[in-house]
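Structures are listed in the sections that come next.
There are two complexes below, and they share chain A, which is joined by chain B in the first and by chain C in the second.
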Partner chain A sequence: MLNILVCVKQVPDVDLVKMDPVTGSLIREGVPAILNPLDGNAMEAAVRVKEQYGATITAITMGPPAAEAVLRECLSVGADRAVLITDRAFKDADTLATSYVVAKAAEEFGPYDLIFCGKETLDGATGQMGAQLAERFGSALVTSASRILEIDEAADTLVTEREMETGIETVQARIPCLFTIEKTNYQPRIPNFKGKKAARFAEIVTRTASTIPGLDPSRIGAVGSGTIVPRTYPPERGESGVMIDEGSAERNGAKIVEILAETGLI
Partner chain B sequence: MKEFNSVSPEIAAQLAAVVGERRFYMGDRVREDYTHDEMPIYGKHMPECVCEVESTEEVSAILKICNDNRIPVTPRGAGTSLTGACVPLHGGVVVCTERMNKILGYDLDNMAVHVQPGVLLQDLAADAEAHGLMYPPDPGSKTSTVGGNVATNAGGMRAVKYGVTRDYVLALTVVLASGEVMHLGKTVCKTSTGYSLLHLMVGSEGTLGIITEMTLKLVPQPGMNVSVLLPFFDMETCIATVPKIKMANLDPQSIEFMGADIVESSSSFSGKKIFPTVVNKKDVGASILVTFVGETEDELYEKMEKLDALGQTCGAIDTLVVDTPTLKKEVWTARSAFLTAIESDTKYMDELDVVVPVDKIASYLMFVHDVGEEYGLTVRNFGHAGDGNLHIYACSNDLEFDEFWRRNKLLMQRCYTECARIGGQLSGEHGIGHAKKEYLEESVGEVPLRMMQAIKAVFDPNGILNPGKVVS
Partner chain C sequence: MEKSAYKNMWVYIEHDGKRAHPVGLELCCEVRKLCDVTGDKLVAVLVEGLPEEELAKIRACGIDQLLVVSGTGYEAYSNDAYSNLFTVLCRKYNPSAVFVGGTINGRDFAPRFAARLNTGCTSDATELVYNPESGDIEFIEPAVGGKMMAVITVPVLRPQVGTIRPGTFRYEPTGEKPAVEVLHETVDFPVADIRTKLLGFVPDDADADLDLANTDVIVCLGNGLSGPDKLPKYRELAALLGGKIACTRPLFDRGILPFKLQIGQSGVMVKPKLYIGFGISGAINHTAGFAGSGLSIAVNTDPEAPIFGAVDYGIVGDMDEVCDAMLAALKAR
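After this line comes the complex of A and B, so read on.
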């Protein structure tokens, strides 16, 4: 039976995030935290593989304790185990430090035949986690995977489609393989009540800096990060325009003159 | 038919003096938008002039001028009606309330809000929410004005639990055709104080007076909600479940139904397959979407548990839970876009907004589908299963307009006759306007219609208010 790892992240629902007009920072207060949408597609892809070939799925995330909500989402649609990596020591980790910790924590339930990540996250959008994890797991890497066509467990190979700007590419890869999943063919299913109920109080395996075996403290959190983010600020925006639709070119013209006169420009 | 006068230059000057030149539009300054609502298929009519009003006093002055000169007046909000209700059939003056869009204040101790009629439903809903309250009526068109909602007694999806717009109107300021201003109702919880002119105004579609201020009832914002999708093999089994849900004392906020065809249209329109067409390897013929509100997760789980058990005994394929922010957004966006999805792949269409006893929904839908087939029209439908209010669309992509309209009229007549026969009503929430006027008598009966006409004559002896609509 295949052993599958699905890496997910809880992100703020960016549709609802507003900028503080004074400081320019993101106001995350009161904004619902959601499962990163492409991670939902990754989870769906994993569940479809499980349905077709049989598999054990471990869902893993790193984040604050509240991030267990996205793990319960994964459990409700078919994950068999959920691992929450949470510790203030992991704060301010970049992708380098995060992929190190995730790979280390995931080892406990590995080795994995298939690893699924969303193509990128809504908030950071670096798209780096998949590649870094593939390197750490020593697996093949298929980015922008849009459809898994065939898995041959005996031969340890699989065939998958990749979505390219120029078209669809069909590739063969060896197992173990990590996919970064595109949303195209993997609309997440709506969980059923049975799944929700079971997931509601299911055990979440929690790991901290001190309970992940062999973790090097110099490689985690801000210390272990190769990059720093000195400042986050919104793109500069011009004022939004006014739509003039008075029904005809003449009337539109007259309205423009009226507005210009009102603002003292003419 | 009443004889009306047209807007002479002298009268135009008087009207312009009321609202000021900048809010008075005449001749070619009148935009084409004013000739129709969201169903232009019922015909377009140009008003002679448009007055954008900002106060009760202005409305009063305009009506006095028009009543004295027998000039028809058509009140209009955002123009989202679906029955031609705000279309100036006889020309004359359109009184547009869109600029009266202020939320005047909250009376939190009495859970009420005081608003002008041009406030958009979506703005009131958001503002009430920011005050920790909810304005329960939830008609599909969020960009409709609340004044228009009151004038049509609009309903919406939450009617199952909360009722309709009428149930939330505490007081109104109304300008009569004569220009007299009338204050109806008070901010009180109940009343038994003479005939309810307040409730006569609600749903009168601008034929008895023009609403210029409203006091509306609010309720505390529920702490949380969850939607549950029950997929079924076919529509009959699906609809037969609805009365059982209501009987089970689960107190749902809404129960919506959708057939496989509408789900298909919706996913090809949005490019996203939100509602499943296959569940547990079984084809889904129809689904109901049930929404619960509550204060705790435990409370909602208890309701879902009961619904799940009920669904199993009623033949539901599964019980799917829509409870994450992402799923809720996707599911309700898709549900709200059903009409747009139908419009997007339909050349001509007309709609029924009938309301039938809940136990008759399935058989009535079958009847309409059969009649549609007989006339070569495609019938699409979705709607509020919980209250029997059905939105059924007769559509055609191949026929020329005249032939479509001829067949459509035959279909409508038969469907309305059947609706009356099984104890239904002509309109659940869109109103009568002029599009459904000819079917009103069959729905309400000859004597009640005569009483309605008599009431109209008392309120508006010259028949200037929204002529050609409802009973005039």
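After this line comes the complex of A and C, so read on.
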């Protein structure tokens, strides 16, 4: 039976995050934390493989204790085990440090045949985790995977489609293999009542810096990160264009058409 | 090793044996400016097989060195061979920075070799600034969906690795240097160790509606769109103006329009003669995608929406009503 790892992240719904125009800082209060959307696609891809070939699925995340919620979502649609990595020592980790910690914590339930990640997150959006996790696991890598066509367990190979800029590649890869999953063909399923109920009471395996065996403290958190964010600032808002206000939507629409005609665009 | 011991900035030139991908040339032009400040050499790194006229385009960007790689394992792109190649080359030459075009394949191998070298990797910077005090490059990029700009640096480790999206910088060659040094390296990667194999490639259907790159007029729809039932009027408007409809990320996320129609840094970068945005808040990720357009117009209910700072004309109002009014006015002509 295939052993599968699905890596997920809880993210703020960035479309609802606003910036304080005075302080320039982000207003996070009241913004819901959600399962990173593409991680939902990754989870769905893993569940489809499990349905077709048989598999044990471990879902893993790193984050604050509340990130447990996204693991319960994974459990509700087919994950067999969930691992929460949480410790203040992991704070401010970039992808270099995070991929190290996630791979270390996942080892306990490995080795894995297949590892699934979303293509990128809504918040950090670096899209680097998949490639760096593949490096930690020493696995083959297929990024932007849009469809898993076939898995040959006897030969330890699989065939997958990859969504490229100008078309679709068909790629054969050796197992173990890590995929970053595209949204296209893996719309997440809605959990049924039974799944939801089971997920609510399922045990979550929790690991901290001191309970992950062999963790090198110099490679975690801010100190283990390759990158830092020394400062942030609000995007410069350009000078506003000419505001059209003719008193009604009807007249405003007509005014645009007039401008288009004057500039020779129609 | 002290970070000051790492010298020179590299740009990887992705190519298909016929043409260099434009992003490599764009990066050479931009990194040239950094090297002029730091005194580093600008090195273009590529796998052999590019015709002379394409090499001339790279030289025209003012590179100091051309590092040409030969060896086994590079006939088709693979994560294994390219991750190994840059690990080997960086260990030998110790560059200060490595820039890789943020194509799907560039984003596939750059983070991996960065992790193998145990160094920092950034993605999608829209601005590169050298900080003489720290000696680090500041990779400046939109963050949290474009709600803020983040400065990212690699303060201790080297090389500083960055992937940059195609179209972020301009190809404005400053001219060939009198002496461009050409270095040759052979790095063999055993073909048997490549764990992925390309079996086939099917180009996307040439669906004209999905090709935004050469479109003069774009009617772009944002999260303000109430639902797919409202699409027909915008399609009609686009058709009357001789253009096509496009969207921002939330509409793709909502499953209303396909990814190929997403304008912005992670989607398509466009420069139409006319851009009209409806119901778009104007996150920098999106506005960067149509910068340089001819005439730009935005309609949004929120007078504070950042989109109004990125367009020539703005209208505060209901997008559907303004669209209806435009349709009526166009038909009355």
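In this text, the second predicted complex is superposed on the first by the 236 of 266 C-alpha atoms of A that agree within 3 Å, B and C clash if a C-alpha of one lies under 4 Å from a C-alpha of the other, contacts with A are read in each partner's own complex, and residues count from 1 in each chain.
What we mean here is this: a contact is a pair of C-beta atoms (placed from the backbone, for glycine too) under 8 Å apart; a residue touches a chain by one contact, two chains touch by 3 or more.
Remember, it's a predicted structure, so these values are computed and weren't measured experimentally.
S.K.: Please determine whether it is chain B or chain C that touches the greater number of chain A residues.
M.R.: C
S.K.: Which partner does A:Glu73 reach: the first (chain B), the second (chain C), both, or neither?
M.R.: A:Glu73 contacts chain B only, not chain C.
S.K.: Once chain A of both complexes is superposed, is A:Ala105 in touch with chain B (first), chain C (second), both, or neither?
M.R.: Neither: A:Ala105 stays clear of chain B and chain C.
S.K.: May I ask you to decide whether A:Thr227 touches chain B, chain C, both, or neither, giving the answer as first, second, both or neither?
M.R.: second
S.K.: Using the superposition on chain A described above, determine whether A:Asn192 touches chain B (first), chain C (second), both, or neither.
M.R.: Touch partner of A:Asn192: chain B, not chain C.
S.K.: Is A:Leu114 touching anything from chain B or chain C once the two structures are fitted on A? First, second, both or neither.
M.R.: So A:Leu114 meets neither chain B nor chain C here.
S.K.: After lining up the shared chain so the two structures overlap, which partner does A:Met164 touch, if you call chain B first and chain C second: first, second, both or neither?
M.R.: A:Met164 contacts chain C only, not chain B.
S.K.: Identify the partner contact of A:Arg251: answer first if only chain B is touched, second if only chain C is, both if each is, neither if none is.
M.R.: both
S.K.: Now for A:Pro37: first (chain B), second (chain C), both, or neither, which partner does it touch?
M.R.: both
S.K.: Need the overlap of the two footprints on chain A, from chain B and from chain C, as residue ranges.
M.R.: In chain A, residues 15, 37, 187, 251 are touched by chain B and also by chain C.
S.K.: Under the stated contact criterion, what part of chain C meets chain A in this complex?
M.R.: Within the complex, chain C contacts chain A at residues 79-80, 83, 103-104, 107-112, 114-116, 118-124, 138, 142-157, 195-204, 217, 223, 241-242, 250, 253, 255, 259, 266, 273-274, 276, 283-284, 294-298, 304, 306, 308-318, 321-330, 333.
S.K.: Given the complex with chain B, which residues does chain A contribute to the contact?
M.R.: Chain A residues touching chain B: 13, 15, 32, 34-35, 37, 40, 73, 76, 187-194, 196-197, 200, 246-248, 251.
S.K.: Taking the complex as given, what residues does chain B use to touch chain A?
M.R.: Residues of chain B touching chain A: 28-29, 31-32, 228-229, 272-274, 276, 301, 304-305, 308, 318-327, 329, 331.
S.K.: Which part of chain A faces chain C closely enough to touch in the complex?
M.R.: Residue list for chain A touching chain C: 12, 14-15, 17-19, 21, 24, 26, 37, 94-96, 99, 122-128, 131-132, 134-136, 140-144, 159, 162-174, 177, 183-184, 187, 225-245, 249-254, 256-261, 263, 265-266.
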